[in-house]
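Quick one: the structure is below, questions incoming.
Each chain carries a letter (A, B, C and D) given by its place in the written order, and its residues are counted from 1.
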Amino acid sequence: MPNPNPGGLKPGIIPLSIDIPPRYQDLDTLGHINNVALAGIFENARVHFNHSLGHHPADLGVRWLVAAVDLKFVAEAHFPHPLTVYSAVGSIGNSSWTIIQAAFQNGECVATCDTVIVMHGPRGKTTIGPELRAIMQNKMPLKD
Amino acid sequence: MPNPNPGGLKPGIIPLSIDIPPRYQDLDTLGHINNVALAGIFENARVHFNHSLGHHPADLGVRWLVAAVDLKFVAEAHFPHPLTVYSAVGSIGNSSWTIIQAAFQNGECVATCDTVIVMHGPRGKTTIGPELRAIMQNKMPLKD
Amino acid sequence: MPNPNPGGLKPGIIPLSIDIPPRYQDLDTLGHINNVALAGIFENARVHFNHSLGHHPADLGVRWLVAAVDLKFVAEAHFPHPLTVYSAVGSIGNSSWTIIQAAFQNGECVATCDTVIVMHGPRGKTTIGPELRAIMQNKMPLKD
Amino acid sequence: MPNPNPGGLKPGIIPLSIDIPPRYQDLDTLGHINNVALAGIFENARVHFNHSLGHHPADLGVRWLVAAVDLKFVAEAHFPHPLTVYSAVGSIGNSSWTIIQAAFQNGECVATCDTVIVMHGPRGKTTIGPELRAIMQNKMPLKD
């Protein structure tokens, strides 16, 4: 894992951050926050990020389906300190886009998550419209 | 996603398969099996696969930590048909290895999962011993 | 807990039984199947039981809402042996009914669950119709 | 359910309250917070409440096992408003005690949870010592 946080997500340059407290159920038999639990924490931050786009898929007559999730676990995370999750749009294609995310605990990056989302209409993949595309472009990480 | 199942996992050539029935809790508001729930189903199959290696990490004085999980969602999966998960060793490095997995429902591949596991001893990453390495080599997918 | 299984649920006299394998995610830091995970396992068995009634609430224009869940944990349950869950109708009121359940592992009762379900129509609680009531009466535990 | 909140738990008279934001994973196919998810939210509040007692069971050479959980669902809870969970000791026996809890969302009680916990030593049930008993008595609800 040469670069655990390839998008360079960090405090101050990211469109959306959210604090998510871990739950006892996130712990596994090793006593740390389980990797699948972290996937659920990233999903939860992603739902909040999607809401921040201001265009609910149901209102557009489409579905946003998760096509791929790529998780890197950089350091162990523990109960009960909150996880701060930064989320941004990484790239935008014709009918799909990437959300890049990084989770920090006590100021340290513990995990990253890249998610590919595909827009599906009634007849399969459908093109991202110009209005939503402009909003997404606004949610890409700010450059230093 | 040009090749959703790059390891070519399929019935008959895979070291370990397990049937995992979905649960109502795996469903999300879209009514299908949620992507994080599928991550948990792959994890469960992985734990069974790890048991099949016959060397529990606690007995070796080490921990097997998940360093990366790469999930591809190929088709929607639904309740209540069982998911058949095939698991194999994909590659073996010095202190880490990859488990490749594919989940099928009603004979169709619905998702794949590549997991990087790193062996940690009391002082960090530690080399995979020859005995365990031989067992892992035996768990790689059989070629046609 | 003088009587951990007050409905007397046992093999042979119960309308519906289902085998549910535990998952790694059901384990908590104590290494046993967590009590909330068991609540999820009972819920999953309940969904199968509800399906066996042959009347999906959405088709009836109503919702079946869980009003109360009363769980007793009789013995510790462990990974990976399957849990056999027996489910039956315990009692039937005007607009609500009780599902009684017991979970066994390796032949031993590990937990019971009594659930109160209330039928809600567009204007709140609604009466159970005669056809569904007759089906429910058929799902009460058989007497010895 | 004549009295959904029998312990009279309410803001201002309760030893411990905690805000727990719901997660997307707490939602089920009905689009509301699932009853099993609420059981997990109560458990999480309980773990924080147990920490507030200042006596970790592992340090005492004992285990605190959940023997019973009695949940009442008073109103539907929704994403994403936080749940405020109040927790108190309800009663103290020889080797067991009860934690009473109530969850509020937007100022309304949505669910209550009574949990029986039993202290287990190496040879089964063990008596609650005087020091811990005094701490527990201090965590009972204040009377108006």
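By our rule, a contact is a pair of C-beta atoms (placed from the backbone, for glycine too) under 8 Å apart; a residue touches a chain by one contact, two chains touch by 3 or more.
Remember, predicted model here, so these are calculated numbers, not experimental data.
The greater number of contacting C-beta pairs, out of the two interfaces B-C and A-B, is seen for A-B.
Distance from chain B peaks, on a Cα-centroid basis, for D.
Computed centre separation for the pair chain B/chain C is 32 angstrom, with centres defined by C-alpha atoms. Distance between chain centres (mean CA atoms), chain A to chain C: 36 Å. Separating the CA-averaged centres of chain A and chain B is a span of 23 Å.
Residue positions of chain D with contacts to 2 or more other chains are 24-25, 34, 36, 40, 43. Against chain A, the residues of chain D that register as touching in their complex are 20-21, 23-25, 40-41, 43-44, 47-48, 80.
Across the complex, chain B is touched by residues 24-25, 27-29, 31, 34, 36 of chain D. Interface residues of chain A, counted against chain B in their complex, comprise 1, 30, 34-36, 39-40, 43, 63, 65-73, 76.
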